[in-house]
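The two complexes that follow have chain A in common; it is paired with chain B in the first and with chain C in the second.
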Partner chain A sequence: MINLNYKSVSFSQNGTNLLGPIDLEINLRGITNVLGYNGAGKSLFLELCHALIMPQSGQIRWDGQPANTTRDSRGYIFQHRITLRRSVKNNIALPMQAAGWTKNIINKRLDELLYMAKLTSKANEPASTLSGGEAQRMALVRALATYPKLVIMDEPTSSLDPNATTEFEKLIKKIASSGVKFLWATHNVTQAKQFADDVIFIASGKVAEYSPGDIFFIAPKTLIAQQYIKGL
Partner chain B sequence: MKFLIGLFLIIATTIHANEQKIILSSTTSTQNSGLYDHILPIFTAETGISVKVVAVGTGQAIRIAKNGDADALLVHHRPSEDAFIEEDYGTQRFDVMYNDFVLIGPKTDGIIFNNLNEFFNTAQISGSLNFVSRGDDSGTHKKELELWGYFNNMPPLGKWYREIGSGMGAALNMASATNSYTISDRGTWLSFGNKGDLVIKWAGDSIMQNPYGLILVNPKKFPHTRYKQARIFANWITSPKGQKIIGDYRVDGKQLFCPDSDKEKNNRLACPAQ
Partner chain C sequence: MVCVLLCDGTNFSTLALRASPQQQERHFLEILNTTLQLITSGDATLWGIVALSLRISLSATLIAAVLAIPLGTGLAMGRFVGRRIIIMLSSSLMALPPVVVGLAIYLILSRAGPLGEYGLLFTPTAMIIAQSVLIFPIILALTTEAVNPLEQTYRPLLHSVNASHWFRLKTLIIDARFAIFTALLAGFGRAIAEVGAVIIVGGNIAGLTRVMTTTIALETSKGNLELALALGLILISLAIIVNTIIHSLKSIGQKYQRTSR
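For the complex of A and B:
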């Protein structure tokens, strides 16, 4: 398990409070889905978790350590595709090169990751030629390259077609079964029902509910979560 | 050139609204050194934000930011940077990295200077040491003028002093072709491929230090700027990881820039240890 601690965290921009105050201490196990209406603050919540942005007040800690000093122990996947202008294998190799790994070790790990993402045959092709689904699988194994304990994902399948989504979901299942934890924002309730060990439900910039997935979808505690699940 | 920069800015501004992209108005020395090619792909992979660099002299880079055509500014002339913030164009300045300026000159003239003062006095009084100045309002040009003022208390005058109104690479090429002296940032000097007979004639004085600062453009003055993304860039480049990646960058095995965001860990006199 990985401990996440939000202590009196608030974030505002141009004088408008966008998130918080949030006080939350949870132990992440398996897959934790972050749900909420558009504009509720899901992306902001994840960006703060990874210390991409820093809160105006409060502290975020992972296993007792400040979020901004532990970025290397996490990977992050974005909604939009991030393909750098280089081959598929060089895209995936980048974090390993940045970490100073030797070529032999990088090549061994590359083989594993390319196989895992079903991209071995495209290793030397420019990443820009990949389909949306392939690009997201590449981004996922790139985020996994240096063995993070947790992967944070911000609606990674929202722009994928159904087949590509299924392929991506299979990859997540495989990775999750190896012990990697996921903190995953999605707007797709059906997807969350299938994957969520736990759910964080965000409404109006606050954590309205944190429950095990099987309880959340059957008996949500808040009215707003009940309406959300019904698609209202 | 100005037309091309203008065209780029129009295109960049057009795509601004929809993409996770920031425009960084920056000095040529960081671009020419290859540093951005080293660090920016890593930043993009980790944060989902791509960075378009507009590389011009410090003076021009500041003017671009003052027009609201950039989201952040990375330059190396502290007085201009402080003025930028005081005039409310920027919200905050971050120490990012530093290297130093070096006096470059022809090895074959056999002259050894005992200190910088000796060089600047000799050049001015004798008129026999040719000097190439960038003359382009860049951070390096501003520093060079500061050095003439500091050591000689007057601007350089004479046929021996040539202002070329161009970048560091062009100035070094001109110095190489004419056996002249010039002032260069160490990063560009190390990555310069046409050294010819030129060598470092003097380096290491504290007055030659060259700190680079990152400033976020004020979103209250320019609401269309991507302040949040620029802030993420600032957080990342000054984080332990961003700083390590800057410190690890090498050209021909030599370190070009020293991390500068953690004042407790850094000792400016010990880096770069070339």
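For the complex of A and C:
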């Protein structure tokens, strides 16, 4: 279990309140899906979680520690692919290099990660030549490189075709079974039904609902969540 | 010069020799012939001048690069007040008039100037300083321009892996290396072709501070066209080589260009 605590968190830009105030204290287990309509604030919620942006007011803590001092213990995957102008191998090595690992340890870990992502044969190719699915698998193992307890994912499959999505989901299942927790924003209700241990439902910049997946999809408490699940 | 080479040699007795009355009898083809002999024979004076030019301009490029590359990258990374003004200023300083730079360095290095006690005026060191000053803004501005889009793409990722400032700087410089090298070549090209500043601070002393451009200026006015022409040919060849490298680097760089989709 990882404890996440949002304490009166608000985020605004150019005077417009985009998120919050949010007060939330939850214990993450397995996979937690973040759901909500486009523009509800899912991305902002995740970026705040990893302290990629800082709130104007309030505090976000992970197991009691401020989010901006604990980035090392989390991995992050962006919605759009971000690849360095380097080989696949050296893309995956980035977090380990940033953490100051030695070459030997990095190389050992790279072998495992490349194998996990089925990219061993493409290790030395420029990352720019990867397909969308391969690039997101690369991003996933890159996020896992330094053994984080939690991986935050912002709609990682939104631009993938069905096959690539399935491949990506398989990898998630495998990783989740090894004990890594996921905080995963998606707009795909079918996907969330299949994966969510818990659901955070965000509407108009607020956490409208937090409940276990099997309860959320059968009996959502709020009207807006009911509509969302029905696809309205 | 290109025109001179292209035209029929027989009509050149007047045009080519306008500079000096003593040589009016000489045929243009004769000059060209001696020029080529000068280049191929390994003439000590000629190649000494070329070597000095290269030494001075390469040193200047190196010095300017060591300062401008990290600064330019830092400028692309930074989000501070006045950043835009600095970027704008460095771009406008790219067009710094060489003679003005020469004059300023002259004043600083001359005996009465703040650095006068070091006796650097009319030495190759003074020329290196002048060229460094001249090309620093070029390398700085081109580096910032090259790193900027890359930084915007990389920023979230580098932020998410908790990269330190040094690590970010290193990553950006490594990944923008083709464009940065192009900036260096542009700087080198400007330095080696420059005449105004080095003639002021170097003094064009034979065997000591006489470089390709200053020699061409002097020898042409003296009527010694062979040496001037030979150096001119070498200078142009250098420009072509540098540009060829820039172009091939660009095509290599494009292979890695696609960073996000």
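Note that the second predicted complex is superposed on the first by the 232 of 232 C-alpha atoms of A that agree within 3 Å, B and C clash if a C-alpha of one lies under 4 Å from a C-alpha of the other, contacts with A are read in each partner's own complex, and residues count from 1 in each chain.
Operating definition for what follows: contacts are C-beta pairs under 8 Å (C-beta built on N, C-alpha and C of every residue); 3 or more make two chains touch, one makes a residue touch a chain.
What you see is a predicted model, and the numbers here were worked out from it, not measured in a lab.
For the composite obtained by superposing both complexes on chain A, the positions of chain B and chain C are in clash. In the superposition on chain A, contact of A:P126 is made with chain C only, not with chain B.
When the two complexes are overlaid on their common chain A, residue A:K181 makes contact with neither chain B nor chain C.
When the two complexes are overlaid on their common chain A, residue A:N14 makes contact with chain B while staying clear of chain C. When the two complexes are overlaid on their common chain A, residue A:D72 makes contact with chain B and with chain C alike. With both structures placed on the common chain, the touch criterion links A:P95 to chain B and to chain C. By the document's definition of touching, of the two partners only chain B reaches A:M54; chain C does not. When the two complexes are overlaid on their common chain A, residue A:K206 makes contact with neither chain B nor chain C. Once the two complexes are overlaid on the shared chain, A:R109 sits clear of chain B and of chain C alike.
Once the two complexes are overlaid on chain A, the chain A residues touched by chain B in the first and by chain C in the second are 52, 71-72, 76, 78, 80, 82, 84, 86, 94-95, 98.
Per the touch definition, chain B reaches chain A in the complex via residues 19-20, 41-42, 44-48, 219-220, 227-228, 231-232, 235-236, 239-241, 245, 248.
Residue ranges on chain A touching chain B, taken from their complex, read 13-14, 47, 51-54, 68-69, 71-72, 76, 78, 80, 82, 84, 86, 91, 94-95, 98, 100, 142. For chain C in complex with chain A, the touching residues are 150, 153-154, 156-164, 167, 171, 175, 255-261. Listing the residues of chain A that touch chain C in their complex gives 50, 52, 71-72, 75-76, 78, 80-86, 94-95, 97-99, 126, 128, 132, 135.
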